[in-house]
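Okay, got some structures for you below.
Each of the two complexes below includes chain A, the first together with chain B, the second together with chain C.
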Partner chain A sequence: MTTGELREPLTDQGRTAGDVLLDVSGLTVEFERRRQPPLRAVDDVGFRVRRGTVVGIVGESGSGKSMTANAIMRLLPSGGRIVSGEITFGGTPLLGLREEAMRQMRGKRIAMIFQNPMTSLNPAFTIGRQMTDMMVHHERLDRDAAMTRARELLQSVGIPAVDRQLAAYPHQLSGGMRQRVIIAMALSCRPDLLIADEPTTALDVTIQAQILELLDEIAADPARAIVFISHDFGVIARMCDEVVVMYRGKIVETGPVARVLSEPEHPYTRALLGAIPRPGQRGQRLATVEDQIGATQPLGARR
Partner chain B sequence: MLAGYVARRLVGAIPVLLGVSLVVFLAMQLVPGDIAKALLGPLATQETVEEFRHYLGLDRPLPEQYVNWLWRALHGDLGRSFSSNMPVTDLLVDRLRNSAILLAGSLVIAIPLGIAVGLISAIRRDTPFDRVTMGATLIAANIPTFVFGLGLVILFAVQVKWFPVQGMVDLRGEGGRFDLLKHLVLPAVTTAIPPAAIIARMVRSTMLETMSQEYIKAARANGLPERTVTLRYALRNALPPIVTISGLQIGFLLGGAVFTEYIFAWPGVGDALYKGILSRDIAVVQGAVLVVAVWFVLVNLAVDVINLALDPRARG
Partner chain C sequence: MHGSLEVTPTVAVDAPAVSAESRLGEAWRRFAGDRLALIGLAIILVVTLAAIFAPLVAPDDPNFQYEGLRRAAPGVEGHLLGTDEVGRDILSRLIYGGRLSLFVSVTPTVIAAVIALLLGLVAGYAGGKTEQVIMRALDVFFAFPVVLLAILIAGVLGPGPRNQIIAIVFILVPYMARVVGTQVSSLRRQDFVEAARATGAGPVEIIGHELLPNVIGPLIVYATVLVGFMILVAAGLSFFGLGASPPASDWGYMVNTGKGTLSTSPHVVLMPSIMIVLVALAFTFVGDGLRNVLDPQGHAA
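Here is the complex of A and B:
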């Protein structure tokens, strides 16, 4: 393992950016409310995601990160509505698609993984069944072929005893294993874009580091892009090339991760950076971020 | 593992049934007045009454009466009906068969109807269909049987004469399945509507609850078709409470069809119970209540076994 040894996340994640895969502009999402003007959860949000890169969305809880992601998937909770904006994915304007065409995008071209691995797998079906359902549907594979691919996928995300896991129900797996399964599922139809909404927030520190490492490997594919959502600047710094800082539904700052970390322009960004726990309480801001990155690595002594 | 569970549950049901039998037995002791006297009528002499009490075993101490009654009940002897002079067991077997026909008829309506209406309401939440059906189910779940049953009779038996007013068979006709079916429709609908409404409401609420779960959101994000998401991913997880509530309704239906059986002169267990109470036919009442209680225990057991089979956690 690469424990402790820092790469240079502050300047460059070492990735090469390709063409623009996702282009969001002027995105505004509102929720209807009774006897009140609608609640604006996402307000005029715009950013671009190039192939081969990881773009982070960071902000405190309730700042509109998830609703931005859900809007891209066109899966807003009931009452929520995209009131304006454009979302272009691989040249296709998503907001103009018919529902059926959009559904074909989900899972196949754009995959999403959610925060809580304990609740995002169907408790009544085996892992194998859930993984193959998706491939049978999108890739028109038969069950056997899908099962073979599921086996390979689970191996590729570092799951041991693959056949046993395929026959297992979600409750029989640990949180870390489930998140690996969910990631494997998200990759099963080889999507171009992966949206990860707080994928490690519900996991404990050791497991979190392992999952981040896995996502890092996935990000190495130059054809793919990842939108990585987190409220934790430390994790963003570890994972992303560019970052979008959100506050109350608006983007307050955006730019390459290293630049935003070293010279945050907006006071909110500075406050967010200040909120990173500093184990050693060293003087410099950069050092605190490094500490945080250190803390996300496996800590043999801690557990 | 399932077999072991069933065995354990069956053993566990024994104290419940003993308790029920004791309550049934004691409740009949609370009936005011002397039963022997009541049965023999006002002209009987004191001597005859005493003799009859002795014949019935009513002069024995209560615990002894109970043990004797229970012992005979365990051997299939529930005593004799005073009013018809038939062995209660024979009478109840007949009644049970008739009740089973009515029960089957109403289940065939109640369960599919309840599930279908509940599902559609959940999927079309807050649409006019949902609002209207939920209003209707609220009324249907609480409507008194005789109001609804008599309403059906007036409409479909008296006004348009599609179905017979009463009974299980047409005494002047040739009988047969079709005749029975024709007689079955109105009572079956009458008994089916309240449970169907209750099941529909339960299906709707558990489906809405399930559809708000994150794995449903995830299934949608994976691009699974809406039909797969609702009918396979969501419904499968909503099943246990639906099985439970349906089981409860099935449990109630046997004894709860009293009014329906009365209105439609359907000679089932409920009708026997009702008439038994009116004529103080103790043995019939005891037997009928016991049958209803055993049925309830069995249905409950079936519900628990099905839910256990549905729960992947139980498979270890």
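Here is the complex of A and C:
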């Protein structure tokens, strides 16, 4: 169940794995339902994330990958609760923290990037204001220092004409630009762990490639780790050192990304890989997961 | 992106952002592009300034009765808009009456906006049972026609500007709270609120920083339009004798006192009526103009 088997310092992507930053074990999340037994969205999930590595969580919609991320942040949608399990982050058991202490963790030590850059920024404030607010809040910086920092951050994520972007409102930026801004904001308090929930899904392919490249650079920091959630094996293969395959709330397979992709052990992983269209298959009907292992009945889609 | 296993990095630069020009100038340009809004703003400014500086602006004492000059037509003996049934200068009475008419329409709208903001934010943010209780309680008010409800409340409380204001607050709160509530409950589900939570924001910060700034614009627009409507409602209440009591007067009451002689001296009713319609329209136009400026662009882009 753990990915700890990999002891070699050098990972599939040539990164150096450090000590364990995040240790999730036995995580189970349930949602209350009316006149029905609770829905088990995440079932006995466990994995480890070492510093300096990128761990991918892959699965279909409703497989529980986003809920796993939300559970780590302790930000489950209403009706959801963590029934059992442990989440240890940098030695601290997160589930034992008081809400106030957890709030200090969020944004400062664990940051999150969301799927849709078009709606992840507050439309009422300029980019500069949103970026500095966060630093003023968490790092107790003054406005000027925060603004300088924001400028540096935007430059580091490859945004041109930084001063103009700082004064702009979110609706004035393109999707790719916004996702860069969101990534810059996520990095602003130098978090140890970055959770990226489908960070490129809403972007077109060229922009997607640029954002992946940027995340790749961010992953180069040996002190940091990234949990990368995606339904796209191509993106997972490009980004991750290790991969966790989820199906109906459970982990079906886990291991170094090259191994899982080339010699999948579990039929579901094989089915998922079999459902990827390939050049040269032109004219043939694309095999779905259902074709290969029967109806899958996802437990429930994201909200 | 559903394609191959390999993703080839491509070099392409995103389109750089547009203007960083001064926000106020931009806002004014958008507002000024709407000619009706400009006309409305001019009317409101003139009427408001005239009301504030009534003693300086009014040509006459609004309560002085010119003996033998009752219901004089506009223009007669220097009375630009004529005189009323007891020989008072109508223009001066309109200017002084504006004080009360504007006061009893603007004040309750502002008070109602604050109450509605609190109710709507709490209901929309909390959701679930709290939202149901607040919203269903407000729904009761929707069962009554607005003007009838205002007359009912003012009638129960008794005449006078204070009760007129209370009555108008009562009829406005449900409408405004519903606007705020629905806005907030749709905002609450948006990613940027979730993102704020993920950066450690608590309920107070979420409400104050994420939700409030995004509902205040639409609320101001709505409130401005409603002021126009409330000018009519306030005039209606005064017309029925539920507003200003003599010798104080407002536009609605002026219509009332002139109604007996509508066929012989229509200008006594006509002048305050035109005033009511003009100012009510002006607020509606300005409200529409503000909509172009204040509604958040984020969703449309």
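In the analysis below, the second predicted complex is superposed on the first by the 268 of 303 C-alpha atoms of A that agree within 3 Å, B and C clash if a C-alpha of one lies under 4 Å from a C-alpha of the other, contacts with A are read in each partner's own complex, and residues count from 1 in each chain.
By definition in this document, a residue touches a chain if its C-beta (ideal position, glycine included) is under 8 Å from a C-beta of that chain, and two chains touch if they have at least 3 such contacts.
Please read all numbers here as calculations on a predicted model, not as lab measurements.
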Look at where chain B and chain C land on chain A after superposing the complexes, then choose clash or fit.
-> clash
Regarding the shared-chain residue A:Met112, is it in contact with chain B (first), chain C (second), both, or neither?
-> both
When the two structures are laid over each other on chain A, which of chain B and chain C touches more residues of chain A?
-> C
Looking at the overlay, does A:Gly91 come into contact with chain B only (first), chain C only (second), both, or neither?
-> neither
If you stack the two complexes on chain A, which partner ends up touching A:Pro123: first (chain B), second (chain C), both, or neither?
-> both
Of the two partner chains, chain B (first) and chain C (second), which one does A:Pro37 touch, if any: first, second, both, or neither?
-> neither
Considering only the stretches 27-35, 45-53, 135-143 or 171-179 of chain B, report the one that runs into chain C.
-> 135-143
Residues of chain A that lie at the interface with chain B and also at the interface with chain C = 73, 75, 103-108, 111-112, 114, 116, 119-125, 133-134, 137-138, 169, 171, 182, 185
How about chain A: which of its residues touch chain B in the complex?
-> 73, 75, 103-108, 111-112, 114, 116, 119-126, 133-134, 137-138, 169, 171, 182, 185-186
Complex contacts: residues of chain A adjacent to chain C | 73, 75, 78, 103-108, 111-112, 114-116, 118-125, 133-134, 137-138, 160-161, 163-174, 176-177, 180, 182, 185, 200-201, 205-210, 212-213, 232-235, 237-238, 261, 276-279, 303
Residue ranges of chain C in contact with chain A within the complex = 1-20, 127-128, 189-192, 194-202, 205, 209-210, 213-214, 217, 296-301
Of chain B, residues touching chain A in the complex | 213-215, 217-226, 228, 233, 236-237, 310, 312-313, 315
